[in-house]
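Below, subunit A partners subunit B and then partners subunit C, in two separate complexes.
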Partner chain A sequence: MIVKKLIEKIEGEAELEFSFKSGKIDDVDIKFDLYRGIEEILKGKAPRDALVITPRVCGICNHAHLIASVRALESGFRDAGFTFELSKKAKDIREFTLSCELVQNHIKWLYLTIFPQLNRVLKSDPDDNYALKASYIANTVTKAIAIFAGQWPHSSYAVPGGVTCDPTYIDIISAQNLIDEAIRFTQKVLIGMDLDEYLSIESLSQLKTLGGDFGKLLFTLEDNQLAKIGKSYDRFIVLGESAFFKSAKSIATTTSTIDQRFVKELEQTGTKAKAALYKNRFYEVGPMARAIINKEPIIMSLRKRYRDSLITRIYARVHEVAILLNYTKGLLQNLDITQESCTLKSKATPSDFSGVGTVEAARGSLIHRVKVKESIISKYEIITPTQWNLSNSVEEKRGVAANAMIGLESDELASFVFKSFDVCSVCTTH
Partner chain B sequence: MKKLKLLWLQSLTCNGNSHSFFNHPDLFAILSKFELIYFPLIDTKYSLEDILHKQLECDILIIEGSIKKGLIKNGVDYSKLIENYAQEAKHIITAGTCATFGGVFKEYDPERISGFCFDKERVKENFNSYKDKLISLPGCPIHPKWLSYVLQMLGSGNTIPIDKLNRPQELYNITVHTGCSRNEYFEWKIDTKGFGHKEGCSFYEHGCQGPYSRGSCNKILWNDTSSKTIVGTPCFGCTEPTFPKERLFFTKTNMGIPATMPLEVSKRAYLTITGIAKSFTIKRLERNIIDYDS
Partner chain C sequence: MASERIESIKSLFTAKSAKVETNKGEQYYANLYEKCKTRLESLQELPPVSNKIKIESALEDEGVNRRDFLKWASATTAMLMLPASFTPLVAKAATLMNRVPVIWIELQDCAGNSEALLRSDGPKVDEIILDIISLEFQETLMAASGHQAEKQLEDAIATFKGKYLLFVEGSVPMGMDGQFGTIGAKAETFYDHLKRVSDDAAAVVAVGSCATFGGIPAAAPNPTDAKGVMEVVNGKPIINIPACPANPANMVGVLLHYVLTGQIPELDSLLRPKFAFGYRIHDNCERRAHFDAGEYVEEWGDTGAKNNFCLYKMGCKGPMTFNNCSIVRYNEGVNWPIGVGRGCIGCSEPDFWDKYAYERPMANANIKAPTGGVEKTVDQFGLGLLTAAGIGIGIHAAASVVAGKKGETNE
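Now for the complex of A and B:
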């Protein structure tokens, strides 16, 4: 039996086509049909124009595209013989705004996607305050982004050599207040405990003390036998590097280094999205991958008990809200505003270069690759996180999310697992 | 008074306008004045399947994203779907530069992709059918408060004064330059020394299009906080039919003079003022605003 389902209220829409055999999902096709040709649009443009065009790939993770883009240009400039170092200030401001974008993203996913879908699965009444909560905290942290980036969405404040802003102490204090407010919300509403206390949780038995919406969610998943569904390959990869995230891959208990040259895109039939693979294998990217590579104690405990199931995946994403807020607070405390914001002359551009920029975006590793010939972009490639997680089957291998939905008994349940990956159709096809 | 029914449809888009509107600090107070038929980020009474396959009633249609002839999305021809709802709606708002003029995504297939009633600045055939109920809200993305202004004016039955491209005059009859914190540097023609300085103006060398781009970005701040030009990023003219132009971080100049003049300022007027301003040195404006060593 074939069941088609239009998945909405994600970023854009996706169509899932399930085939059921003896009441269980036996195969699933994931289709994305919105194609805008951003890589084509970039051809022929001046290199820096990518900083304005690529954020328009995505309304919710535009900032990650900006950072990937500026890193690609900077790597290309160096490749062409330019020598420059970013100031610590510029690096930290970029880390700050990027981390804030991840926070707003995860919070929107939790309240606008996961809770409503859980209500559908359990046929329970939704809480009218979900959207209100999402909007409150998302607005608080995007305001903090705007202090440095001018606006969110669609800023282009990161430029080769640094950032365009020159923040003052008033700016820093305003940003600190906003982060403190986001932490207050997290403590009161999301986790029901002090942030420090939360961050010290390492074992599953300590999770009983968790309150707030997050605690409620975890207990509901456990009570309704939903914790263990949604397992996939238990194979992870992180391609982006930051002061916080480490690049590596993890299979079973082994973590090893990676070489980005083995990342490949493959065309798929019936969808506008290409699949992304490493050495011809599918890997899961995103918060769960980052936490496992970072050996976050509580995620390691969850993985031990539940493997890469729904509960571990959901936990890792919400957990990142707490650790990133804590991280951003530290970034602001240590920011030396007397350093230079931008260390490269604004007109300096080599005429021929190729560069790669990788960043850990909300949904996982994002890669931009640029080639410039005679001062114009001759090729631009974007490989998004969702191409890793949400691929169909290629060469007999099933994509990560598709694999996680096999064996489930209803399309609502499968949609829940699908949404746990934080689906973004606009990024997947771009 | 009966609440107006509000329907938000997405064509070729990045969802940036939805997320920008979601940033509105008073979002729920505003939405409570309307009957929400569909909004892409929030659970609504109707599903997208309902929107696609039943012709639901709507009073205000908000269109996000560029229009592409024959665009099949979710199994439906979106150009037809949008026309169908547009015909029935009492008001149409094109939210963002894509829906208004075509925007970034137009560049992929310029022959087939455009805004809803405009193709860049050119008026499309359907403009005559919709001109009396159309409000253009260009901006990449839209500013949440520009949209709430329009929604609430319509909700209370007020008439919005518009220009010849159906843009609200209150929002677009000023330029992005209005209210920019760098205005003094513009007055005295002092260029910024590069990116990363709170001093100096980006109009002369760094590509700022603020003086000739319509919009109230520096009057109604972004995220209630700041704007591109305040933080030292040039204005890219994202509200304009011409968005995106080329070489966005560089000012095109002729003999050292910016090639595009501030809106409706003649070259003669500009050169006269510039000549006078440049003949003086204002020491205060040559110094850093804050001296951290003092």
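Now for the complex of A and C:
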């Protein structure tokens, strides 16, 4: 029996085609039917134009694309012999805006995707305005981004060598107020406890004290036997580096270093998306991968009991809201505004270079690769997180999300698992 | 040759459609006031199109008092270029927004405008957006998805036939018979989808640069033959709200104007509402004084950058971009690109990716600080600059087309 299912959260549409065998899913096809040709458009443009074009790949993780682009250009400039170091201030501001983007992403996914789907699975209809909760906290943190980046979505304030903004103490205080407000909301509505108290949670038994919407969600998953579904390969990779995230791969309990050059894209049949693999194997990217590589105690405890299941995946993503809010607060406190905003003073752009920029976006690792010949982009490659997680099957190997849906008994349950990875079709196909 | 070009540009910007009349005379506003009053009274008679929360209780729940609400209303009245006496009417119109059904569809897009709408403008106006307007169909916001959502859309079209406002986000890919973008289980092309939903709409509002002028997907070499809504939809009133993303203040403005008057706002030759696109970024820029004084940022992070000097030499397109960013700003008025020292990229102008892009300076414009009074600066220098830039834009457009072709043959 074949069941077709359309999924259209949160950015664009995906189509799932399930094959059932004796009441259980034994195969699944994931299709994305949107194409804009951003890589083709970039070809032939001036290198710095990438800074305004690539953010427009995606309305929800545009900032990650900007940072990947600027890093790709910077690595290319260095490759061509330019020498420059970013000031700590510029690095910290970029980290701040990027972290805020992750926070708003996670929150919107939780309230606009996860809760509605959970209610659909449980056939319940609670009187809760998810959209308002999502928009309130997302508004608050994106305002903090706008203080440094000018606007969200679609800012281009990062340039090779640093950032264009030159914040004052007033700007920093305004941003601090907004982060404090986001923390207040998180404490009151999301976790129902003090942030510091939450961050000290390390074991599963301590989770009982968790309140708020997050607590409710975890107990509901556990009570309805939903915690353990959605397991995949238990194999993770993080490609982006920052002061906070470490790049590595993890298989079972072993963590090892990686080399970017082994990342390959493969064409798939029947869909406009390409698959992304490392040394010809699928890896899961995203908050769960980052937490496992970072050895976050509570995620390690969850993984021990539930492996890479739905509950660990959801927990890791919401957990990142708390740790990133705490992190951004620290970034603001230590920002030295007397440093230079941009250390690459010259407007000159090398005429021939190739560069790579990697960043940890909300849904996982994002790579931009650029080749420039005679001052014009000759090739631009964008490999997005959803190409890792939501790929179909290639060469007999199943993609990560596809693998996690096998064996489930209904298409609603499978959609829930699929959405725990978060659909972003505009990124997947670009 | 050059003088001909100057004349043609002059005529373009002095054409009747380009003029913004902020004062249309007492009689005009007196008539309009009466008309709006009657319109609002008749709307009030109607039941809300769907059972949504009342604005009064929503505002109360969120701790917004009447005073703050009226503050928002008076700011919005000013933005719509109406006299202050209209403030009570605008406030009333906001409470009646749930009488007008709205359908929002996404085509070839990045959902950036939905994202922008989600964090709408003004004190707590997100309540107005999410709770008060009758958003009958919006993929990102509604709980339903997939087949269920398709059904909801069909129901909304049938129920509100001829009455709903259709907001469209994203361009329409026409290449390969529309196969670059399809929607739903029947794989309906975006073009067919748009046709079907727009046929029964009262008016179509194209939101963002993709829906208005094709945006990024239409940039050279336009791989999917992407087009704006006005190029493919005929026989319907169309309102364009360009920019990438479109400013939510302008989306709310258009909607409010429709509720208030029952009509679409006055448009320019590119179908943009004049209240938002009647002026250039440059006209109200906070860094304008530095432009007039000849003080420019010359390199990223230089002394000029530290002192918020003019960004024209860094490629700012403010002087040739029509939009109200410099007044309403973004993210609830927190900031805007020029506020963080990054020039305007002209994202609300047609073909801006190929013509303007960012940082490509405009024909190495040799700018001299104007002499004479401020008036002269605005009228004469302003137009002179526009002309020079117009020519520069032409050169760059040609250069980028050549560049595009060169890149292709290299591959």
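Everything below uses one rule, namely that the second predicted complex is superposed on the first by the 426 of 430 C-alpha atoms of A that agree within 3 Å, B and C clash if a C-alpha of one lies under 4 Å from a C-alpha of the other, contacts with A are read in each partner's own complex, and residues count from 1 in each chain.
Operating definition for what follows: contacts are C-beta pairs under 8 Å (C-beta built on N, C-alpha and C of every residue); 3 or more make two chains touch, one makes a residue touch a chain.
What you are looking at is a predicted structure, and each value in this text was computed from that prediction instead of being measured.
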Subject >> subunit C versus subunit B on the shared subunit A, clash or fit after superposition >> reply: clash
**OP:** Identify the partner contact of A:P126: answer first if only subunit B is touched, second if only subunit C is, both if each is, neither if none is.
**Re:** first
Subject >> Touched partner set for A:K188, first subunit B, second subunit C, both or neither >> reply: neither
**OP:** Figure out whether A:I377 sits in contact with subunit B (first) or subunit C (second), or with both, or with neither.
**Re:** second
Original post:
Taking the superposition as given, does A:T338 touch the first partner, subunit B, the second, subunit C, both, or neither?
Top reply: first
**OP:** Based on the superposed arrangement, let me know which partner A:T168 touches: subunit B (first), subunit C (second), both, or neither?
**Re:** first
**OP:** Applying the touch criterion given at the start, work out whether A:I53 contacts subunit B, subunit C, both or neither, answering first, second, both or neither.
**Re:** both
Original post:
For A:K208, is the partner it touches subunit B (first), subunit C (second), both, or none of the two (neither)?
Top reply: neither
**OP:** Please indicate which partner A:K279 is in contact with in the superposed arrangement: first for subunit B, second for subunit C, both, or neither.
**Re:** neither
Original post:
For A:K24, is the partner it touches subunit B (first), subunit C (second), both, or none of the two (neither)?
Top reply: neither
**OP:** Give the stretch of subunit C that clashes with subunit B in the superposition, choosing among 23-31, 59-67 or 347-355.
**Re:** 347-355
**OP:** Could you list which residues of subunit A make contact with subunit B in one structure and with subunit C in the other?
**Re:** 6, 8-9, 11-13, 15, 33-34, 36-38, 40-41, 45-46, 48-49, 51-53, 56-60, 62, 108, 112, 116, 130-132, 135, 138-139, 142-143, 145-157, 159, 161-166, 174, 340-342, 345-347, 426
**OP:** Sort out for me which residues of subunit B touch subunit A in the complex.
**Re:** 10, 12-20, 22-23, 25, 27-28, 40-43, 47-49, 72-75, 104-105, 107-109, 140-141, 194-198, 205-206, 222-233, 236, 238, 244, 246-250, 290, 292
Subject >> In the complex, subunit A residues that touch subunit B >> reply: 6, 8-9, 11-13, 15, 33-34, 36-38, 40-41, 45-46, 48-49, 51-53, 56-60, 62, 90, 108, 112, 116, 126, 130-132, 135, 138-139, 142-143, 145-157, 159, 161-166, 168, 174, 337-338, 340-342, 345-347, 426
**OP:** Would you tell me which residues of subunit C are touching subunit A in their complex?
**Re:** 106, 108-116, 118-119, 126-127, 130-131, 139-141, 143, 145-147, 149-150, 173, 180-185, 187, 215-217, 219-224, 226, 244-245, 299-302, 305-306, 308, 330-332, 334-342, 345, 347, 353, 357-360, 400, 403-408, 410-411
**OP:** Spell out the part of subunit A that touches subunit C in their complex, as residue ranges.
**Re:** 4-13, 15, 33-38, 40-41, 43-46, 48-49, 51-53, 56-60, 62, 108, 112, 116, 119-120, 129-132, 134-136, 138-139, 142-143, 145-157, 159, 161-166, 174, 272, 340-347, 373-374, 376-379, 426
